Every structure is written in C-alpha cells, then in structure tokens.
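What follows is a group of structures, each given as structure tokens.
Two complexes come next, and they have one chain in common, chain A, joined by chain B in the first and chain C in the second.
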Partner chain A sequence: MALLNRDDWYDIARDVDWSFSYVDRDEAFPEAWVGANGIPPEAWEDWEEPFRVSYRDYVKVQREKETGVGAIRDAMIRADLYAHLDPGHRASSHLHMGTTCMVEQMAVTMQSRFCRFAPSPKWRSLGVFGMLDEIRHAQLDLRFSHDLLKDEPRFDWCQKAFHTNEWGVIAVRNFFDDVMLNAGCIEAALATSLTVEHGFTNMQFVALASDAMEAGDINFSNLLSSIQTDEARHAQVGFPTLDVVIKHDPARAQRIIDVAFWRAFRLFQTLTGTAMDYYTPVEKRKMSFKEFMLEWIVKHHERILRDYGLKLPWYWDKFLLALDHGHHALHIGTWFWRPTLFWKPNGGISPAERRWLNEKYPSWDDSWGVLWDQIIENIRAGRMDKTLPETLPALCNLTQLPLGSAIDRHHLGKQQVEYEGRVYHFDSDVSRWVFELDPARYAGHMNVVDRFIAGQIQPMNLEGGLNWMGLTPDVMGDDAYDYRWARDEAEQPLQAAE
Partner chain B sequence: MAQAAGNRRERRRKTWSSLGDLGRKPTEYEVVTHGMNHTAGETPLEMGPDVHGNVWLKKYRDDIALKVDNWDEFRDPDQLTYGKYVRLQDEQEAYVDNLLEEYTERRPSDETLSSAALACLGSCLTPGRYLVHGQQMMAAYIQQIAASSYVANGASFQAADQLRRVQRIAYRTKQLDLAHPTHGFGSNERGIWESDPLWQPMREATERLLVTFAWDEALIATNLVVKPICDDIFLRQFARVARSLDAGLDALIADNLYRDTERHQRFATAACRHAIAADRANRDVIWGHVEAWQEAGEAIVVAGAKLVAQHADGMVAGEVEAELRSAWQQLQRDAGLTHDA
Partner chain C sequence: MALFPIIGRFDGDFVPHLVAVDTEDSMDQIAEKVAVHAVGRRMPVNADADGYEVLLDDRVLDGGQTLAALMGETPVPPLQWFDVRWKT
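Coming up: the complex of A and B.
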C-alpha cells in the first residue's frame, strides 16, 4: 500500500452532503443567506473548485509564508525605515491600513458564511481556506501597524477606523457591509470575490506593493505581496459560482456584477486614485491611475464579461468619463476637507506635478487646475481659512461620497429620487440606477449629512462633525508637505529634481 | 522636520488606544485580535436597520438570553493567532504524515486488518465525515455572529480543525478502499449516516443544530453537548476499540485529532466561564440550553456507546455510557456549571 496523493482522496472529502430528514433543509439553508434566487439545489453539483488544496498542504505552505514575512519584519524594525519614508507614501500606507484592515476581518466572516450556507459542500469546504487567509491578512496589517505606532499615531486607525464615523470609512463600511455581510453567498461571491477581489484588489495589491518597494518601504511591500498570493487563490471562488448562475439566471449575474463594479470603482477612485496620482512622488509614478485602470482592471473586466457572454454595463460611457475625472474630484474634495481625514493628503500641485497631470489627463487644467489655482492663491496670500471647509459636503445616498465627485464641473447635474416620501441624492445617474434596482435595500440608511440634519451630530458645526467622526488632533489631516508645493515654486523639491 | 519628530516623541503610542491602559505590554495575540468586530453598535451593519443582515444579527446575536457586555475581555486560553495556528497544526499534520508513512510503507497494516477491525472502521470511522462536516458548519456559524473577534477567531480555527478531520477521514477511507475494495469504503458511508439506527441520534442532533440560529444556544448545544460527546465517542472511545482490534494507525490518528477537541473544549468552557463571571444570571441561561439538549445528548451517549462497544470483545456498552456521561459532566463543571463553581 502506498501513500496517497491529494487527488486520490479529495472526492471523498468533498462528498459530505446528505438528505435531511429531521428538519427542513430549506430552514437549515435559508434563502436569504444562500441567495439561490430560484436556482435549483441540484444545479450546484456542477460547482467545481477552481483550485484544490489540502489542509495538510495549506498549513505547511502558510507556515513558511509566515516565517518569510516575519523575518523581513524583524529586519525592518531594526532598520528603523519608517522615519526615512516620503510623507506622500506614508499617507498611502495610513490610508491603506485604516480602510483595508477591517475589511480583511469582514472577509473572514464572508468566507465563514460560505463555509456554513454555500449551496455546494465543495464550496463550503474550500471556504475554510479563504476564512483562514483573511484572518492572516487582518493580522498582518494589525501587526505591521502596531509596530509603527511608536512612530506614528495614525496607525492606531488600522484597528480603530471602523469603530468611528469618519465619513470615508463609512463609505467603505457601507459597501462592504452590504456585499460581504448582508449579501447571500451567491451575490457575495460574484460581487466580492469575483468583482472586487479578483478584479480590483488583486491587481491593486500588485501595484501598491511595487510602489511601496519603489518608495523604499520594503516591509509594507513584502506584506502586500504575501497577502496577494493568498488573495489570487481564494478570490477564484467567484468563477464556479458565475458558471452556475450564468446557466440559470444570466440577467441576475449581469446586474450583480454591474452594480459591484460601479460601487467598487467609486471606492477605488477614492482610495487608490488619489494615492496613485497625487500621494506617490511624481518621479516614482510608473502609470497614472487611469492607465493602470485601463491596462489592468478594465481589460480584465471586459475579458471576463466577454468570456461569460455578458455585456459591457449600460453605463460604460459614463464609467469612462468618470475614469477621467472622479478621482481628481475626490482628491480635491478630500484635500479640502482634510480635517475630516485621519491621514495627511498631499495636495501635490507643484508645476512638475501639474505638467504630469496634464500630460496624463489633457483636460486636467480646465477641469481641475482652475480650482487649484484659487487654492494656491489663497495659500500664498496667507488666507488658509479660505482653503478649509466650514461645513460638511452633501453626500450621495448610495456611495456615501460627495455629490459631484464622479465627474468634473462641466458635467454636474442633479440626480434625485423620491422614495416613500423621502428624497435621495446621488453622485451620478449610475448610482441612482443602482438605488432604483433595489430601493428597500438602501433607503433605510442615513448618510452623514442626513444624520447631521436630523440633529444626531452635535454641536451642528464642523467641530461637532469632527468630534462625531472620532478625529483627534494627533491624527487629523493636514497637507502632507506643509503646503510647500503651493507656497513658493523655488522651494519645491520636485521641480528641483527635474 | 525636527519639530515633527519632537511631536512624534510626545505622542508616542505603545498600543491600540482601544486596549486602554492594560498596565502591561499587550500580548501578540491581543495585538492582532482585539476589537476587530465593527458590528457591535445599535445598528450592526452600516445599512438601514431593516435589511436582512441587521435583522438577523439583532435577533440571533443581540436579543438572546445570554447577556455579556464585555466579550472583548474574553481571552482564548490557547491565545491562537494565525501564525501560531498554522505552526501548531503543521506540526500535528507532520506527525500524522509520519504515522501514515510508518503504517503504510514501513510496516503496512491495512492489508492485515481483521474483519472485525474492518467492520469497526466501516461503521465508526469512515461515516464520520458527514458528522464532522456538520460540526464544521456549526463552528463557522458560531464565528459569523459572534459578538467579539476574540470569540470569532477561535471559532474559525475550530472550523478549520474540523476540515482537517474530514480530510484525514477521507484519506483513510481511500486507503482502506484500496486495500479492501469489496468492503464499500468510500461508498457505504452516506447510507450508514442516513439510515443506521445507531447513527441517527447524531444525525438528528446535527440537523437540529443547523436550524439553531440563536448564538448562545448554537454555541452551547454544539460545544457543550453534541460535539464533545460525539468527539469522545468517535475519537477517544473509538481509539480504545481500534487499538484492541490492532487498528493501531487509526487509534493513533484519533488520539492526535482529539488534541484539537481538547483545545475546542478549553475554548468553549472558558467562554462559558467568562459569560458567568460577567453576569451570574448567565449560568441559568447556559444551564437552560444544556437542559434543552440533554435528551439529544443522552440519545447520542446511548447509541454511541453501543456503536463502538459492539466491535470490541469485553467492552460493555453500559460502561462506555458511564464514561461518556462522566466526561460530559466534567466538561459542564469546567464550564462553571456547578453551584460550587
């Protein structure tokens, strides 16, 4: 008798479904958590693992990975690297840790939902590895950030952010609570695993790791790369799910993916667009956000849609327009409302940076430069009060992002819906369309401004808002370079570097 | 920059602000586990209060009888982190690999198993993958609506341990099938699980657990009643029988897998003690759930004792029952369920 290979016994291990007779199976697998929406139970017999892994191999390989990350961590702590990093890069790492770590932990629960309620026993078993992976990612982020607390209090937000009402965090929480923690397994797999993880974050981690390495942040880069190797594996569970849904309900597959793509894109603009095109020092930028999107995200998404016989979303032209503008809008918005951030954004509008922006986005000066001109003028005149907000921005009832933040000043337009006596506002007709697909799902939520108007935030001024958001002076956002890019061109190191 | 560096020194932080003043350095386990459930607020998910996920969490997590305000003060006695978990289990799996190598290549044993041993393995070991998959689903459920990441992460590791066991059962099932192709290894198990009268109390309890959604009852019925009794039967008692039938490999694997069970029991009993320490009224709540599942547990004890004892000469079902009951009562005492606790 010989020792066995994994494939010798694997089919037995995944053959663990049985016919219920003591309770109603539908009660044990409630529709709201499964989300089959009429797809018959036997259809899931076609669900095949996109990769195979045994528990034995998993713990062996992951142990080795942990050892590798740990060794670099130890070396980097000794090297005291953080103190020498560029302020713009530091902002990217604060933003990343504050908005990503808890999402990793939320993904533990989404995977655990698969382990319990997925309609295929193969999927329920495979979910275990995804669940463990996500614990790893959250814990790597926490350990990395905790190591740096002594240097930077903003890393406290790695653990704290999702317990606050900071508006950007609310936007992230709202989306992921919806598609990870409220959705049934099928929607979660298509929206989160396939669209967000496989489509966006998988590639984002590659790009961010490369940028971090370029910036000299070896520890952060190594951590991101190590996480990405897990992510690339477990994000694949979206594909067999899509295989089944396409056969039985292609219209639903199209809808779920179109909604998720838009919502993920809007967050991606906020978190990655700003970091890539503004925080990263200009001489280190390899691609613009738009180029990155077109090369890595859009091509990939188009290929998946084509492979599965799905159409481009109806809003593709709007998406391409938003790709030119949305992250610039979000950058000027987040920078202007910088006291509401827990990181220090880099204004980043020095002449050299401006040239780069206009080269990458030919209409940038016309759309955005004119607004920054006014800000620069105010800074130079010492009128800092005019560069700071006095109140909160109006927000979208779907994305939770500022109204007007999907496009530029030439394309602004009102997008409203009245539903059950309440008026809802949207940052775009695409967001309005998402809302109208399933209003009951979104209508009960109050965005930050709704809460402000309802008197839930006191005192009713910016100070009250900041306090409510949990922003303390030690982390509150200010310009990363202390406005050097605006004050005096001669002082600009970026220009000098040219 | 000098001034900025000075400011950094002034506000130098030693640990998460949410850990407060511990009066000591936090452990690595606390650093990577603390406060990682963001859904503890009035409306759990950042959505309208009436969406499905919020209604579920309110009903089955927040409005349950067990009331504990401070789950974030609970600590897993084993202090498992991801890194520690994969290290620990890689060692355990390497041990099992060595056993398999020893019994498969150095002194092959499956071919020499007696018909009594084969009957025992076919009736008590290989059908277990269904039961253990049920346990895996329950651990995952306990994770997903736990009030604190300290509890949720422990439940995740428990779910992973259950997959480990399913895969080791599958491995042995295949080996036995290759050595004894006419015995139905790999094909008879579902029928046994669904129809063998002695397996029905286990299956009934598993199915009933899968419709038990209130978090406290799910945790207690799983980890204080159904699972510990089943693990005692199919790992500890089974190992005794297997050893007596010269099925040494399966006895040793079961011994090793029982280490996972012991860890699950340390975790669950610590959670119960924590709940009772937080509010003594919780003792009655926990008792209430144990009592509600008493009959199911008792049925498993009786059937399980028969199931294993029938395969061993000199093993008396009544004595096995007594042992199972005794261990079960000890577990309840460990959970703080005696009046003198």
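Coming up: the complex of A and C.
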C-alpha cells in the first residue's frame, strides 16, 4: 500500500487537540505547569514550528547519527585514544561529563512536560522528539563515560555528580532545577530552549567539539557534534513561543530572557571559559573565550533581541566587562580550591600561556597575574600549604558561585541585601537584581556557606566539607600538570604527560 | 564570647571569605583572621604597611574595639561584609 506524502497528513496529525467534556481546560492544563500567565488558549493557535518532522523521518535520521557515533567510538576504543590525550583536555572532558549529563536527563523531564502541558498541540507533538533527543544525549554521555571508566575513575562522576553536594554541581543543579524542572512550559521554553540551548549550548558544543578535535579527542568531538545537531533542532521551540508571548506580554518575555541570559552566562563562564582559556593546550587554542563569546554568543543574542523588538538587557555594559574577567576569577578560584573539584584543573600560567592571556586580555596581568605571582612564588618555595584554602569562599545566594567571580578585584564590592531577617550576598548587582525581582523564589535556597553555618557539614573544617561533597582521594582535584607550569624551567608550552 | 560568622574581604584580593570570629575579638584580631586567607597566599606581604585596618561600609573601625562593642552601636547580622586593608 502506498504511503501518503507527509504533507498530506502532517498538519492534521500534529495539531490534534482535545475537546474537554469531563474536566475544564484549566484542570487539564494547570496554570502552574503551563505558565500562560494570562495569555488566552486561542493565542497558541498561532504557534508554528518550522521543522515538519515526522516520527518516521526522525527515526531514520537518528539511526544514521547513532551509527556514525558508534563507528567512531569503536575505532577510538581500539586505538586507546584516551591514554594519549593532554591532561588539560582530559580535565575538560571530566568537567563536561560531570556537569552536563544529568542536565540532559533533567531536560528529558522538561521536554516530557512540554509533551503533556504545552499550550499548543503542535508544541506537544514536537516535544516528543525533544524528549527522545535528550534521552539520547544522556545515554551517549553515560556510554562515553562508561567506556573510559577503566582509564579514569572521574568518569564515574558522569552519573554520580548530581547526586553529590559538590559545590559547582550545586550551582548547575540550582539553575536547571529552577528553569527546567520548576518553571512552567512557557518560561522553560524561553529560558532553556531559546536562551540556554539555542543561545549558549548549541554554540558551546560547536566550539567544544572543535577544541576536542584539535586536541585529538575524536571520540568526544564526534559525540558533541552529534548532540549539537539535535539541540539545533529542538531548541527552536523557543522562537514560536517567543512570538506568542511578545504579542501578549512583551515585558515578561524581556524579563525571562534577561534573567536566563545572565544566569546561563555565569555557568558558561565556569564550565566553558575555564576550559577554553586554561585547560585547552595553548598551542591548540583557536580563539579566546571572550573572542568566542563576542563572535558567536553576543552577536547572536543581540540579533534575536533586535529581531523581536526587545531591548538589550540593562546590564549589557556590565556583562561585557564580565567577559574580560569572570572566567579568570572562576579559574583562579577553582584552582585554589582544587580539592573541592572532581577534575584536575590546569593552573596554566607558564610564561607562554601568560603571554597568550595578556595578548587576549590586556589587563590580565594587573587583574590576575599579580595574584598568580604569589601562588607561583609559594610553589617554587615549596610552601604548598599556602596554595590551598583554609576556609570557604563567600558564595552568591543566586548563582551559588563565589562572590568576586563575576568581575575582577578592582571592581569587587559588597552586594548585600537583608530579606525577612536574613542577609543575602550576590556576586554582582545583576544577580542581586534577579533576586529582587522575585525574592520568594530564591530566598529559601541555602548555598554551601549557609549549610556550613547551619551545622549541616561536620566536622566544620575542610575535611568535613570534602566528605560532605562526596569527594574521595581517587577523584579529588589537584594540578593537572603537577605544577610544572610554575617552575622556573617552564618556558615552553607544556606537553602531555608521559 | 561567641563564635560569629562574617564575610571578610581583603582589599586587593579577588574573593571574600567566610571567616569565623569571636564577638570578643578586637578589630585588629578580626583583621588578622581575614588577612590570613589572602596575604601570603595570593596577596604579597606589604613590608611598608603598619598592620591592617577594618572597614564597615567604608568607615574605618577602631582597632581596639571589640565586635561585641560594635554590635552595641550598630546592627551586625551574621555574614556581615567587612573589608580589611593595609594600614599605611
């Protein structure tokens, strides 16, 4: 029997909706899950997606992608590729797997909520593919990491990380709990699909795949590229959603996107900024994190805002300043508190690397080099105790990241708020603004410092903190190159460990 | 006497710290407890300085004043931000 052409049935099949008789529409689509916030149900009849994907098409394409990933995976395992990778690049892959895999899994839940509660039947249909995509991404990460467990116990954190209290993981989990799992469909689509996925991770995966290929990690590069092709498709649900929200409540659209952009950017600085400007071997770096952001993220975001008649966020100048500094702050911070990591960061301040940093960031020496000078002096003098922390950094009550990690030491200042009898601190006036938009939403969360003071971490010292975070000696962070970059003889770019 | 948590930032360093002080500590003692996390770790020692001074909201506090005495003058909630800098 001949099959109908897709266009003969597609518009009917994807637009099947219910006529309710036993329940009200509001009971079937509760406001808490939809998050329409006053946008009438009929407004969503205009929601239109550009992909026109049938399940049959989807399976065919996905099968081809899986075949491609599997073939390269098998070849790379046989070649024992991982053993020959640079330690700095290895750190990037540990960091990525530990902080990303379970976000993919959380996205399965978000997409499944779209399948059930999205206000347009077309969106609900498309959500099925998004959900299947995200299942695939989580499974790909787990399979990649499982293959490498025999080489490296840190890949255990691909699955384990989100079930620990490691502080960086808490920061990631806190954001995605909020915008993926607890936001209604509309906010989730604008904050996650449009801002995080389309604006950041879609491009991040392109850059990370490119860096991985340069570093010789063909398997990781191929996996990232395969995931990125899915992201580029399912992230598109953000645009028709924005079309509808703009017509009915443009101020809300602006607010959701501005909040999500800042919060996503802060995590992006942590996870990608450090990897691009410090972990990737200097001779393999194609562009700095700032150059990448300006070329791929900033232009793109500005264009979207302009196309939809939205304004640049009020904090745009502060964001551009943070591009010069935030990830350098996060790098020196994560390196200094390295026992609290499940990966081995590359200090990465050899003379050659330092020249590169100053070329890319002309104020780097003044803002950051002077602090590293003292660290290097301590390493050379054998005062390793002085290169390690004796207390916790103060943490932001919005991003959960250290205070001072959004800018440099010359711009650091107090952002302190009292709300219902409690003091809250913020890493910037932008994070403070986000909190003050909706304090009830954020005020109840305890960051690691709050939990420490509340007595949840025992004994109340570094050892107690590391135990509480689930960090064991086999994965605990230390310098990726055993501090060779800091020695007098470190005149040349460092080579992979023997 | 009671342990009391503050946020201590050493001027010139990039990150403030959680610092446990005692309500009977003088400001000079609090300055030492904040500085130990920055000076000699990321901040070089300043041989020309005459110790440290503590600031609250840009006001230099008397080095001999205790935290308890300060609390008698002005509200100081847990996790209050204090700045510490070289005294020159």
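Here are a few things to note about the model shown:
Note that in this section the second predicted complex is superposed on the first by the 486 of 498 C-alpha atoms of A that agree within 3 Å, B and C clash if a C-alpha of one lies under 4 Å from a C-alpha of the other, contacts with A are read in each partner's own complex, and residues count from 1 in each chain.
Please note the rule applied: a contact is a pair of C-beta atoms (placed from the backbone, for glycine too) under 8 Å apart; a residue touches a chain by one contact, two chains touch by 3 or more.
Please read all numbers here as calculations on a predicted model, not as lab measurements.
Using the contact criterion defined above for the overlaid structures, shared-chain residue A:Leu4 touches chain B, although it does not reach chain C. Judged by the touch definition given at the top, the superposed model places A:Val53 against neither chain B nor chain C. Contacts of A:Ala28 after superposition: chain B is touched, whereas chain C is not reached.
Contacts of A:Ile12 after superposition: chain B is touched, whereas chain C is not reached.
In the superposition on chain A, contact of A:Gly70 is made with chain B only, not with chain C.
Shared-chain residue A:His146: touches chain B; no touch with chain C.
After overlaying the two complexes on the shared chain, residue contacts for A:Ile246 are found with neither chain B nor chain C. With both structures placed on the common chain, the touch criterion links A:Ala394 to chain C but leaves chain B unconnected.
Contacts of A:Met476 after superposition: neither chain B nor chain C is touched. Interface of chain A with chain C (complex): residues 329, 332-333, 336, 368, 370-371, 373-375, 377-378, 386-387, 389-394, 402-405, 408-409, 412, 414, 416, 418, 422-423, 425, 449, 452-453. Taken in their complex, chain A has these residues touching chain B: 1-4, 8-10, 12-13, 15-16, 18-24, 27-28, 32, 54-56, 58-60, 62-63, 66, 70, 83, 102, 105-106, 108-109, 112-113, 115-116, 121, 124-125, 127-128, 131-132, 135-136, 138-139, 142-143, 146, 149-153, 156, 159-160, 162-163, 170, 173-174, 177-178, 181-182, 440-445, 474.
Within the complex formed with chain A, the chain B residues making contact are 5, 8, 11-18, 28, 31-39, 45-54, 56, 81-83, 85-87, 89-90, 93-94, 96-97, 100-101, 104-105, 108, 110-111, 129-130, 133, 136-137, 140-141, 143-144, 149, 152-153, 156, 159-160, 163-164, 166-167, 169-171, 173-175, 178-179, 186, 190, 193-194, 203-204, 207-208, 210-211.
Taken together, the chain C residues at the contact with chain A in this complex read 5, 7, 9, 12-20, 36-37, 40-44, 77-81.
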